[in-house]
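Structure first, commentary second.
Chains here go by letter, A, B, C and D, matching the order in which they are written, and residues are numbered from 1 within each.
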Amino acid sequence: MQTRIGFAGLGLMGGRMARHYLEKGFPLTVWNRTPDRCAPLVAAGATQAKTPRELAERSDVVVACVSDPPAVERLVFAEDGLLAAARPGFTYLETSTISPSMARRVDEALRAKGARMLEAPVTGSKMGAEKGTLILMTGGPRALHDELMPVMMAIGSQAIYCGEMGQGSVVKLIGNGLISFMLAGLCEGLVLAKKAGIPQETVLEVVMASGYQSPYFPFKGAAIARRDWDTHFSIDLLVKDQTLALEEGAVHGVPMPGLAAIREVFQSARARGWGAEDIAAVYKVIESASGID
Amino acid sequence: MQTRIGFAGLGLMGGRMARHYLEKGFPLTVWNRTPDRCAPLVAAGATQAKTPRELAERSDVVVACVSDPPAVERLVFAEDGLLAAARPGFTYLETSTISPSMARRVDEALRAKGARMLEAPVTGSKMGAEKGTLILMTGGPRALHDELMPVMMAIGSQAIYCGEMGQGSVVKLIGNGLISFMLAGLCEGLVLAKKAGIPQETVLEVVMASGYQSPYFPFKGAAIARRDWDTHFSIDLLVKDQTLALEEGAVHGVPMPGLAAIREVFQSARARGWGAEDIAAVYKVIESASGID
Amino acid sequence: MQTRIGFAGLGLMGGRMARHYLEKGFPLTVWNRTPDRCAPLVAAGATQAKTPRELAERSDVVVACVSDPPAVERLVFAEDGLLAAARPGFTYLETSTISPSMARRVDEALRAKGARMLEAPVTGSKMGAEKGTLILMTGGPRALHDELMPVMMAIGSQAIYCGEMGQGSVVKLIGNGLISFMLAGLCEGLVLAKKAGIPQETVLEVVMASGYQSPYFPFKGAAIARRDWDTHFSIDLLVKDQTLALEEGAVHGVPMPGLAAIREVFQSARARGWGAEDIAAVYKVIESASGID
Amino acid sequence: MQTRIGFAGLGLMGGRMARHYLEKGFPLTVWNRTPDRCAPLVAAGATQAKTPRELAERSDVVVACVSDPPAVERLVFAEDGLLAAARPGFTYLETSTISPSMARRVDEALRAKGARMLEAPVTGSKMGAEKGTLILMTGGPRALHDELMPVMMAIGSQAIYCGEMGQGSVVKLIGNGLISFMLAGLCEGLVLAKKAGIPQETVLEVVMASGYQSPYFPFKGAAIARRDWDTHFSIDLLVKDQTLALEEGAVHGVPMPGLAAIREVFQSARARGWGAEDIAAVYKVIESASGID
């Protein structure tokens, strides 16, 4: 019998991820804080739960993809939260990027009721969610990772086991730290090119032809070139992750001078009201600091 | 008739680059500050010049690949420098990474004697030099870029025209800035993984599977994992380029908070005596700042 | 009748502050997490409370000086915490440096029981506590600030009203941010002097003779010169405050690139095991990054 | 017989400094790149020289106070520069802030002609120049420092011997680095106060009452409060000094992460066109990065 999937959080990422379960024949129940977002999936065959608790009751595995720690707090620990329906045999797959300490806290609460949890933050952006080619970074029991592979491969192309609960989140934070470096470096370079009278396309051409390349650069470079800040991954969410990464640095004793400097640049984007725009919009901060208005 | 090539600077990069001219049948004369380095190429059929001036006299095009501005200064402007043999029809192809202002100064001096110059700093590291797959970023007259394509394609796989004299150097500095960001981000992440008890291989596996990837990461990541600081590109040279990039930022009015923070991390590597090691050795600075000895 | 004072937290600062109440004739009850620390004050005439609750029961005003947010959490909200004895007429004077949001949370809990709170973080270091010359930065009702002046002037020489609950803490965090800048700047300068062969005393002499001066510099400069890391204010506590300041920056939308860079230098001191030493010990981080061992 | 003074450079600082020589009865000759600036001093009794060479010919000691290295270059090494009149018995007192390497280069050229040099960069700003209370940081022969005390005490209140040629400049750069930290810290704090709804005057009151204080803070704080960017010391000049300090850090192997971060904030002020304004105007950069327009 097919695993009954519950999906919580139908935002930019989650909405696209949940659809794969329907397409691959999993019985699917959905829940979202603002219930309207459930409509397209219900129209396509999903059942709608009124509360996270009901979602958990109707599912063997709840896959969650929500935006930030308070949203996880509400989802799990509220009176009508899924913890209320946790039981032996119930499994929680957390794909949101949260702090390692929060992952451990949720895990403990679930285990106290005999349920199980695997953290599996994802990378791949809106497009990876759409195509089902996300990469999942898992933390928790190795055996649970193996058992959940079919559930994970419905939305992703690869699941990499990172270690115990919390370590999947750390790897995700490291990855988003890396993105922050790459994007900040690209933006400083593109503004320098602009002010030095060099076409930004030339810089991107060189980057892509060389060892400097990354799949990331042509994608974000082109967005910057046409000043398209349509959100694939928002500045607000990336700053949240940068902040969590710096906190992990503090916990484990790792000074991160590069990331600290870069986070303040992104903070400026938030302070100026661009927090909901795509992370590429950090380019505007460097431009503005350079006197381009 | 084949273009007579003169090659100046037979270091880590230049020695490998010069050999391609022999292999592709160009008449080749070579010069190096320490003459011993010429021996293998002479054994393979090259002629050795005693001075840069003689090198220029024997060549239609002198290709230079030296380490820093003082080396260019000596090569071009010394009493026995190649400027002394500059003449109409003589061409200077500068593949070293120098400052845009120095490129312009050399260009002016050569043009005053009727000679021509194209700047063409390269990227591709030791391996690209070996295989003849360097990428060249050119600055100078567009027509000269076109004319020199055969000379450039002997050592590289692509030559991208960046604009007037000095702009090729700016693009190169932007590229090496980008490398600095990528490497600093990787090192901060790998030290965090280590202190959080996560295998660094796992981080590298995730990076390579995802949109975070770059050809750069597995190469440098593996070197770091086995603590192999064998020099492909030295910290001393990268710091030189970071400094030039920050100077261009100052000239053109572009604050570069990320690069400025990162440069100081690399400076620490120099201060500790690791300047001649590969740029991957900057990893040791982050480790040490984290209390790992 | 004299106000009955309860004092919670007899550490480096609190032990010295509490003594002034005895000396000035206030009836004094004391409590400390590790009860031994109460002995000298009890010997001098104070009463010892077994719990924060008992402390509150025996006092009109409880003055708290504890080390960090978890310590305040325990003091106020534990089952035997002082909230359990909060009542109309009871007043809580918080002199610890905590986050503005925590100050507001404690205030709400106390007001719900009819009690009142004034936040009054202090500056002046161990010596100011000893001499009773602390400066207090208050937040809360203006009338309460006025009413508590006699209680505050027992330990300080000046109390400056900063605004509503939380704003006293923000001003304190700004002040400790400023100290961080001054100390980091002094250390970078002193290491540069050392490596340039200039006596550090000469730098300090110039600083003190000029507009560069601050009471802070000769004090910390002399400690650095004799490598005396005896703790007046620990690195751990300053990093806590720097982190809170950066969080306030994030809350209010103020990028703080200088403080962010400086915090990572102090983080390195913690990572290396120097967190309990005086903030002057951050000097060792710069020395080490410069290759001085 | 009185020492004949020549004064070169009658800008913001130099014009005020030169006047003291007249007032104290020294025979005074003056030179300035734009000759008009000499008029008030000539009206007061000074002689005007047409060239630096003539200035040197007419003087025993030339005191120079010019804005940057190119200005020193022109003053000393031009065909009609003062080197042309250098001779045994002639002395050059350099009060400009230049790089240590330039100080050594000028010194060597003068010594080659039997002349002598003392570097003596000053601190004290426009007001110190006006009142004759500058602090001088000298480098060069100790005996020459002693001999020139009367000449230095005409414009300053203290001259501190720092060591050999170049070390006076290093101490000056350290001092201006310190100013950079103090001002950046003050600005980050004042913007945070503003966005947190706290009167900036309250922050300044606390700073001045406490160990955080410095003569610098009320002065610059008040200027910021009334948005008065009238130039006492320009951003352009401070950035020049920050850059020289970072270069000395690179020469001597001292990473300066704090100063590097802070310099980029000041660079932004230059990029936005505020380079000629007072250094307090860097406040506007932090405000703007915080979304205040």
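One rule holds in what follows: a residue touches a chain if its C-beta (ideal position, glycine included) is under 8 Å from a C-beta of that chain, and two chains touch if they have at least 3 such contacts.
Just so you know, these numbers come straight off a predicted model, no measurement behind them.
Chemist: Which chain's centre, taken as the mean of its Cα atoms, is farthest from the centre of chain C?
Modeler: Computed centres place B farthest from chain C.
Chemist: Between A-B and B-D, which chain pair is linked by the larger number of C-beta contacts?
Modeler: Counting C-beta pairs in contact for A-B and B-D gives the edge to A-B.
Chemist: Centroid from C-alpha atoms only, then distance chain B to chain D, rounded to Å. What do you get?
Modeler: Chain B and chain D have C-alpha centres separated by 38 Å.
Chemist: Just curious, how far off is chain B from chain A if you go by their C-alpha centres, in Å?
Modeler: Computed from C-alpha means, the inter-chain centre distance equals 38 Å.
Chemist: Among the residues of chain D, pick out those that touch two or more other chains and give their numbers.
Modeler: Chain D, residues with two or more chain partners: 249, 253-257, 260-261, 264-265, 268, 271, 289-291.
Chemist: Report the residues of chain A in contact with chain C in the complex, numbered from low to high.
Modeler: Against chain C, the touching part of chain A is residues 239, 243, 249-250, 253-257, 260-261, 263-265, 267-268, 270-271.
Chemist: Using the touch rule from the top, collect the residues of chain B that touch chain A in their complex.
Modeler: Residues 123-125, 128, 135, 137, 158, 160-163, 167, 170-171, 174-175, 177-182, 184-186, 188-189, 191-193, 195-199, 202-203, 205-207, 209-216, 245, 248-249, 252-262, 264-265, 286, 289-291.
Chemist: Quick check on the complex: what are the chain C residues that touch chain B?
Modeler: My answer: residues 257, 261, 268, 271-273, 285, 288-291.
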